[in-house]
Amino acid sequence: MSIDDRDFRPVIAAFCCNWCSYAGADLAGSSRMKYPAEVKIIRVPCSCRVNPMFILRTFEKGADGVILCGCHPGDCHYSTGNYYTRRRMASLISLMEFVGLERGRVRVEWVSAAEGAKFAETMNEFVEHIRALGKNTRLEDLRCKN
Amino acid sequence: MSGCNCSGRDVLIPQVGVITDIRTETPDVKSFRVCAPGGGKLFEHMPGQCAMLCVPGVSEGMFSITSSPTVQDYQEFSIKRCGMLTDHLHSLSVGDQITVRGPYGNHFPVESELRGKDLLFVAGGIGLAPLRSVIGYVSDHRADYGTVDILYGSRSKEDLVKYDEITGVWSKADGVNVHLTIDRAEDGWDGHVGFVPAYLKELGFSSDKTALLCGPPIMIRFSLETLMEMGFSKKQVYTTLELRMKCGVGKCGRCNIGSKYVCKDGPVFRCDEIDALPDEY
Amino acid sequence: MQKIGVFVCHCGTNIAATVDVLRVVEAAAKEPGVVHAQDYPYMCSEAGQALIASAIRDKGLTGIVVCSCSPRMHEATFRKCAERAGLNPYMVEIANIREHCSWIHKDMEEATQKAIILARAAIAKVHLNTPLAAGHSQVTKRALVIGGGIAGIQTALDIAEAGYPVDIVEKNPSIGGRMAQLDKTFPTLDCSACILTPKMVEAAAHPNIRIFTYSEVERVTGFVGDFTVDIRKHARSVDMDKCTGCGLCQEKCPSRKTPDEFNRALGTRSAIYTPFAQAIPNVPVIDREHCIKFKTGKCGLCQTVCAAGAIDYTQSDEIVSEKYGAIVVATGFDTIKLDRFGEYAYDQSKDVITSLELERIMNAAGPTGGHLERLSDGRMPREMVFIQCVGSRCSDGRGKSYCSKICCMYTAKHAMLIRDKYPDVNVTVFYIDVRTPGKNFDEFYRRAVEQYGVNYIKGQVGKVAPLPDGRLRVSGSDLIDGKAVEITADMVVLATAIEPDPSARRLASMLTASIDTNDFLTEAHPKLRPVESPTAGVYLSGVSQGPKDIPETVSQAGACAAKVIGLLAKDRLTTNPCTAHSDQLLCNGCSACANVCPYGAISYEQREVNDHGVRGERRIAVVNNALCQGCGACTVTCPSGAMDLQGFSNRQLIAEVDAICR
Amino acid sequence: MQELIERAKALLADGTVSRVLGWRATDTPFGPEPAFFESGEELNEFVYNCFCGANLSKYLIESSALEGKTLAFLKPCDTYSFNQLCKEHRIDRGKTYIIGVGCKGKITVERLHELGIKGILDVEDAGDTLTVKTLYGEKSCPYSDAMLERCHACKGKEHRVADEVIGESADTTDTDRFAKVTELEQMTSKERYAFFQAELSKCIRCNACRNVCPVCNCRKCVFDGNAFDSVQKANATEFEEKMFHIIRAFHVAGRCTDCGECSRVCPQGIPLHLLNRKLIKDMDAFYGEYQAGEDTSTVSPLTAYTEHDIEPEAGKGGNE
Amino acid sequence: MTQRLSREELPRLYAAIAQVADLFLPVKRAGKTNFALWNTQTEVDLDTLKTAKSPKDLFFPQCEPLYTCDWREGNLTVTAQALAERDFVVFGVRGCDLRGLDVLDRVFLSDPVDSFYAARREHGTVIAFACREPEESCFCRTFGVDCAEPGGDVTVWLTDGTLYWRANTPKGQALTDRLDLLGKTDDADEQRLAAEQTAAREIIDRLPYANLFLDGWNGDATEARFASPLWEKLYRPCLACGACTFACPTCQCYDIRDYDTGNGVQRFRCWDSCMYSDFTMMAHGNNRTSQMQRFRQRFMHKLVYFPANNDGMYSCVGCGRCVEQCPSGLNIVKVIKAFEKEAKK
């Protein structure tokens, strides 16, 4: 591992549903659990609000990993939202791998409002994984960088 | 002119302009004065020419320059609020910066065909914007032109752009007659009421004048018909066209009508020239 | 261009200790559109809010960003503050630099950088915010209480007393719930029925209360203030109006072998039955599964003996559709199944019973007429062992991780009552901890130990083994003395964990109310809004929200009623303006959005549309803003991007993405 | 063909339909074009031959807004698209009259070019073989070698919807339609990346794939609007091509009938159908087999759910 | 003076040119041949007659930044994109595509000059490539292009074994002077070359579209052509995609757009197509609302408006890409033929 790799600070966006995962992240915070500062959370009303377009856009703008967190299936505040998320994301993740994106750059995780610990754990794990994958060069907008 | 690359800047590269003054003309029209960041005009222009104003990241649009070339310190743009860009422009304040490129297009032939002529300006609503530049120019070179008649109409009194200037300056100038009209009667208005073409007919100007016509398409159409009835020939009438313009230099392929590019060969056309163009505007 | 103000909160040292607040202010001030940036120790304080308000007024701010704690905490506070200062409340965005930043990071540099980025994202978003106007909806001034136990009854009574009509839906033939099954109550040892029955009667007689027993909620649509609920009234086969409650039918019924649910199947009942003597309504139901008439077509004895002619075999389920402004969930609890706890031999011996079964045995109206006896042979036990925490505080995944809260106290109660009534019965209690926080609770427990000589052993029971003589060998450990303990007992009572009633899960899904991993309904806020569900208009009463004893249940029921009354007292509600809307120039009318809308908020209209000068009739999606709850499922299903969500628009979210990746 | 013309003339003459949607002969033998016919006389230019690959169903969106019924000639595979468009309320079934036409697989002159045949002047369909007259002499090749990719994965000879059927069809399937997808899945992630990078970097963003696609029927494409701030028409970077094609594939997921028009029309020969097929293959595996356009009522997998769907986990897109 | 090189030596020639300047030439990638930067790994393809895309994007890129705006310390600054400074060579430009550059010159080098394009033209050396085996879609002859003698800064001919090279301009000569691997030709070479040219021209004569009927298409034809009812019939299959315009060597419509890079706004231009439905869309209307109008515009521009502004020069060069690539089988040939049929009726 070169020095550059060790210094690699990935850019990671976490889309969190307002009712479960965002609250879970709040709980992780109020429980003073630690996870890397690379993770930046974007609040959405429900995981089903996250358009695949947003995920691609995030990569386009230079993100190295995107994680989408929502309520556990069955616990959606809007009752069915995350069921659709689950289907959409299953297809999207598969398609993105198919066109050659590295495994695990996009991830979906169900985190309830009570699972502060799981939130922190998930983020630690995800950041670790993205660090191991390295910079996202396969899907990135070059124009941003000039 | 616009082709001059002497500054080393491509015609598509704008300059930064600072808004130095904003006036609310009507509920949906504001006039913006724009200067170079260090003061003074960004460029020289002729009456009728346009410039591309851009709020970076929002949009860019072509606007006619409302101020006369004889104004030394700034260019003015009277802009009606009608879309995303104009909404944004209306939200700007004095001191804000935008980008400006231009001037683009041709101009009213103030130095050639119009010289020595009696001029009849017919404007409706925001259509006053390009004509005001000519009116200003003519006022500053009064000796070069004959009489001036200005017929201007709008929906209501509060929709008359530059009302103070019209009533305070123009109507008091020598050899200038101002005729104002509004579409519907309202309290506090003792002037003429009615549409511009009808008033034009009523006023019955002599057909040896040269007319400059600017306003909404429907007003232009009926005013032109009226002028024809009054004995004007199309060669005596000038108007401006507005189409979607992007590059401003006749290359991007958008604003052509037949072989003419509105941004480069226009926006000022003599009505007989328009007749020769295919009907696609 | 927006004129944005940024307000960075220190939150005392909560934020300021890890985030260099001044650098955040400095960085925010450089962002385009930001005309004002400042910090303050407590933005949410009155003085902090005053600062925000005066900046809004003085600088003509069109949007503000507050960098502070979670929006779940103070978004509403700052929105109200903005509104008071004349700014549309939806022009406020919160950057969460406490829960999502200062509290999770240690490194000041790192946390400061992150706070700057979070502020930037909020600024980028607020640039695209538009003033939103909340709509209004009417409030149906009637409440529904689901569950007719003590929680439900108390809530209903309190609401009814305030003058609002309220309906109780109870799935059993009578209201009363678990409390009706109890013998005595701690810590005062009142007779449970004696204090419950008057409340049941009061509820039944109250002019503002309607009771639907033997009924279940079938479907819920609508939203706060305007729910429509379909209630399935199961066919009772007895005409409620005609029945006099004489009880003759039950007496004569030849089918008598049905396990009696009320007595925890320790006894049997007839096919036509009322669950217990004080049942309300005192009208029996026919259990069609066990009724001979329904099974074979022959019998009809009850009809013959009924002088009132109330028996009606032709009755069928009836669906009643009612409108409510508020819904209270009071579905209560049940004890867990013990099939995963083979070591206690519950399935092997009739003399291993749950505490709730013991309640029935001790109850004068119970299967043994209130006489303590072994169910296997009817003999009086000499040696009794109570085992605490059966399935509670369980870490191996077989039971529940939580403490069931009531067991310590009722076990003390049982032990005390047995020792009081049968002084020669030895009582041993195995416990992990004895938890007795509560008024007069610890005194109560100490009385059990000190006055009544109950033998408390701190330790766990490893095995209960039935012996050939019918007795039970209880092998456990005494952690204090550090030795193995073996007791040969006549009866073992298991303090079985309680769990939410199984109906809660289905109900939660119908109500779109969230439940936690244990199926307890989630509160809107665990501390500050403990009786409200996050779903507006849905309230939580009793154990459906978490384990609690009777006094706690009753106080929560009252709190819940207060919240409901507060809602019903309003004539109209302000609706969330963050709803979806369809751009008619982009909409294809393909119906994909309606397919995924959980609220049926999307319909289609033929509309004439002027698309840049071209007119034509189109099929256009139309969102009913009163129904839309703003989940956004439709926005992603819509391929053309016609459907967008106010407050979380495509462009806003993209702006946040861009700001974060910058 | 004559039968089709006669029938169309009859339906026009008796007023059943107001116009006919079919193919018109042009002076290149291999270039019939989609066309509307409004009179019997115009119908004399009607042609139906082995080059009539174009899927006509999308043109019916436009004609749904016109007065009177439109008669459309649809091949078996076109009827799937037609159904899908009806399901999405883009075509009014009541304003159409569908004649199912027989199909034995369609060919394209590009395939002939790819086979190295240059200077083509005429192509003669002699059943199993094609005789090609060229500037450089006469050539021949098996019919199936010139067939469109989609015909090798034919959906069968049944018309899913038709008011009447004229002519015989054949099922021309001779490959597993998911074979290439499977092959790609078995490559390493890096290899797949190289494959798609090479293919997609040819994209010129001409939007032919989108505009021909029957289910890409949005009145205004998201890529043309500014709702997502997408950069239209610009393919300055490889990412944007990917973004466009991934999103396009995703937007048609569950709606794509696998008609193959996208790959047929791509001027750069990008096998765009592979993205759609991957999604179809996945959805079939995840949620059970589903063929868009088989009928007009079944709900697409992405607008449905069950409580126990598979989780969106890594590893479904192919090898690592 | 014509020079020669054996075909096997081509890789050396490429390497030698690449020493002097960036070399672009037809490269096969994922089954399609397009102009691309040469390196030792590229698969050069001189056998494909026409690249899928014309080489116009080497001079007028599909997407190019114009300038960046950013706010520094509250002040708006505009930084113009630097003009091309590197020399480059385009090898293998067919006669039709070379004429395409003449057309683009008329647009971009006329007043006001487009400095981005001008800089590229200045730095680019074009090596034209004579055609040997024209194909059925070619009709350059109609527009007066001689594909056997295409011109350019340098012209090259490729026979079975030999490449012939002739510099035509000082720029071409300058490049030639820096290459030392070209050999002298003799009379036999000259004869062979002449024979090749004759053969190619004979094929051209036999092409189905070699001599299209252009009577009536000229700068004065606006009224008659514009109002023709034929357009209504011709446009119908058009899908409104941009395949024809993006493949075309002369289409030059462009769009100017902004892109938020996060650190400023980048303004770039990219190809646009008059076929796109939003091409002329404005906030308050659209002067070409129907696809018929847009379709008509494209052909009127090529055959009427452009000649009107450019001394009768058509802006179609007969490359035939639209013939090959239109998804619906539409093309300029069909348009010309339809009007011919009408005229001869």
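A, B, C, D and E label the chains in the order they appear, each numbered from 1.
Please note the rule applied: contacts are C-beta pairs under 8 Å (C-beta built on N, C-alpha and C of every residue); 3 or more make two chains touch, one makes a residue touch a chain.
Please read these numbers as outputs of a predicted model, since none were measured by experiment.
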item	value
Least step count from chain A to chain C, where 1 means the two chains touch	1
Shared chain contacts [chain B and chain E, defined touch]	C
Between C-D and B-C, the pair joined by more C-beta contacts	C-D
Centre-most chain, if every chain is reduced to its averaged C-alpha atoms	A
Chain C-chain D separation of Cα centroids, rounded to whole Å	53
Where chain C and chain E are represented by their mean Cα positions, the distance between them in whole Å	71
For chain D paired with chain E, centre-to-centre distance based on mean C-alpha positions, whole Å	30
Rounded Å distance, chain A centre to chain D centre (Cα mean)	36
Junction residues of chain C - those touching two or more other chains	596, 637, 650, 654, 658, 661-662
Junction residues of chain D, two or more chains touched	220, 222, 228-229, 236, 302-304
Chain A residues counted as touching two or more neighbouring chains	51-53, 57, 61, 74, 80, 84, 88, 143
For the chain A and chain C complex, residues of the former touching the latter	11, 13, 18-20, 22-23, 25-26, 28-30, 32-35, 37, 40-46, 48-54, 57-58, 61-63, 71-72, 74-81, 84, 88, 112-114, 120
Chain E-facing residues of chain D, complex	26-28, 31-36, 54, 110, 114, 118-121, 134-136, 198-199, 201-202, 204-208, 210-212, 220, 224, 229, 231-236, 261, 264-265, 267-270
Partner chain D, residues of chain E touching it in the complex	29-32, 34, 49, 52-53, 62-63, 133-136, 203, 206-208, 236-237, 239-243, 245-247, 255, 257, 259-260, 268, 270-273, 276-278, 323-325, 327-330, 334, 337
Residue numbers on chain D that touch chain A, as the complex places them	181, 184-185, 189-190, 192-197, 200, 222, 228, 230, 236-237, 239-240, 242-243, 246-247, 249-250, 253, 275, 278-279, 282-283, 286-287, 301-307, 309-318, 320
Residue numbers on chain C that touch chain E, as the complex places them	30, 32, 612-614, 658-659, 661-662
